[in-house]
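Below you'll find the structure, written out as structure tokens, and then a few comments.
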């Protein structure tokens, strides 16, 4: 059970809603993923422009918790403004803080992320900041009261998987709120690895939407996250430099 | 569907039966894994010594295909002798050739593996040789007529996962018979990765039997292999050095 | 030529002075390394306690530029105080800002590092901040006016080498001041790798002082940094998935 | 001092002579590298066709030991024939056995390599077989009497560096003859890493000849190999998961 603030979820997969080939495939992928939390950029909400097709209209919004994000924000001020706009829609009071500090790498701005998180916590939001894997920054976000920490595995949409397992492990060790690995997951093995490290959840988008078959990949991700979580709970074997026979050699009757 | 010689299987997980804490846990792990192929060292069969407890007696052998292995063999001659002993038991006609060339690393002997494979194919066995990830050796085994190729990910029982993805990828690309990654898998992410590379199956033992909770890990492995296979079929996104926004920037209404 | 603020150096190796077996070995290692910049924790300076043996007393201080660091500081305020103490000694006006945010990982505090850097720049210091490999944080430090950026390869004294080549590469790409990889280097190959990525220098300590033979390792590091720099300037070959013959096949006269 | 059979060398860098932009650059690179062993494909020798320019004619052959290789051979028989042709030229009695088993990956054929090595040893050659990193195969080559073992780091000309450090380490541990890492080295850090693992030498070609500035890269490689060797002899620090302060905290006088 993944608990974020006052919310509880059975699924540990948070799915993004951007860049699917079409809304039907998006809907099928979301269904198959069994994700309960859908994230989307507030700036893409056409809720104020009813004439345009809405990426959310195919989805049964009763079934999902919406997690709007502040993608597009370059400053804390912009992020706060976007978050308030989302809340005003009445759809949600959770917000994923995303303040980008570099448009080439889409890596987050640590200072503005801290500021936005602080401000939005004061305003009563349930706040999930997207952050780099800077270990001390992650602790500062938790100390401010963030409801979850969302360190990136690698740059958004890069599909490079987890580059720094050590930092991710440190963040997981130190955190008392959920750690949700966000950004950079490229394949089911990446997602499983994040969960094996002890992450509480994984947020991904491009790995599904840019797969050749997004619906099948959504299912793969659902299973991978379950597998990784079970693997974490089961307690993996230790790694060894040298081999160890899996067939005991005692009592050999042949040879 | 995994097809090896004249056999077909729904599951792509081949499970070893060695070194479980006890036979009950072994049975539960096997059940939960939904594996259809169980491997075991022939030298551990106590079928000729009915007075001793038998590691297979808890299992409903109607449900499984048994894949005896020649663990303990140092030469082709020994491997052939062990294989014939297994066949004489009437339990199976598949054999996993395992001829160890180094007791510290448990890495296979390429020359004796080739010889044993050739001899056992002549004798009519369905032969699955365990081999290093030497690409040319793998092709030679296929040219002899091996029914599957079983390259190691890393040393037996080491849990180091896949060290050489490149060679494994080359073996998968060149092979027209199933490639089953055997040895070295340590965690669900490792198993998923093997399947994403295009392997047809994964054989593992210690990763389950030496987990703190083998039954839960067996379930994790089952899911990871399904996830990896689906991920392979779905066609993963390309990796990129730089980031790519998952939220399209067109039509920004906020900012 | 490495230029930091108004200083120029032929050597790109910055050497720490801590934890050598004894002061003679320290001196020999420093000599052999041909390093021109020596770093040390201000808190270890016994300059006010002339009765105690001083780690600097064996060294010909005319030959070196001293780079005191603020190790031990937990806040910007402490770091500034330590820096001023160092300057008051008359030995130097460069300072390596090191504000630790976690005593288990010795990873730096991004917020306090920014503050200390800003304050010390105002005071006229030549400031080299030790930082995580957070890409946006590195840019903010440069924007403040830092004279060099010193991202860690991995935790101080861990010897794990470069974990995140991608972020290090991004920092090098974006920076107009020298990037000196600091912390985590464990072996000559690690140091060469940092230089090949385009770093302007490497700061290390434990890799030399904790080697079995620190003097020999100091020489190894000197050569590795030269090798890595030359390799960077020479422009390495591209990596390829498949092989390429180094012996042209045209004009084969044998076969 | 690198000893191969009855030969001794100060340099641990073996350099290939193929694919340089022109013979002048080749000569300069060879000079700067301080390599004492030059390898070349026998099939490229134009010694019998005096009218054509010869790649060796710029070099002072008194200074070098020539190591012809059997590149182009697909079988042991071909390799033996090529080796004899080289010996007949009177230039050398060392031979690098290279029997390729796959033209896409240029990976060696283990069976034919064994055969060719055995045959050439009988004929009195000093034999250095190029092999995969199959650990048992390497031991068999040594048992035959090979004068050095030359495992590949990754495919010829791929520049991928060392993929399987574990196998390379195992081969080095078990071998009583020199282990010379051959093929796949892409950069100075790769070469240093091979030497740190305990290799006795490195053979490379494309990493130098395909660099933007081959002469500068030749110097880089020379230094990297010296650095890696010194690092190996110096005994590197242990890797640690957590940080260790390089500035002792005892006697803090500040803070």
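Should a chain be cited, it is by its letter among A, B, C and D, assigned in written order, with residues numbered from 1 in that chain.
As a working rule, contacts are C-beta pairs under 8 Å (C-beta built on N, C-alpha and C of every residue); 3 or more make two chains touch, one makes a residue touch a chain.
Note that the structure is a prediction, hence the values are computed from the model and not measured.
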Numbering shared by both copies at the chain D-chain B contact, with half separating same from different: same
Most widely separated chain from chain D, with each centre as the mean of CA atoms: A
Computed distance of Cα centres, chain D from chain C, in Å: 32
Approximate Å spacing (C-alpha centroids) for the pair chain A, chain C: 34
Mean-CA-position distance for chain C and chain B (Å): 46
Residue numbers of chain C (touch at least two other chains): 104-105, 107, 155, 160, 166, 241
Pairwise chain contacts, counting only pairs that touch as defined: A-B, A-C, B-D, C-D
Residues of chain D defined as touching chain B within the complex: 101-102, 104-105, 107-111, 114, 132, 134-137, 139-140, 154-155, 160, 163-164, 166-167, 170, 174
Touching residues on chain D, where the partner in the complex is chain C: 16, 18-19, 40-46, 48-49, 69, 71-73, 78, 81-82, 85, 104-107, 155-160, 186-190, 192-193, 196, 205-207, 209-214, 216-217, 219-224, 226-231, 233-249, 251-255
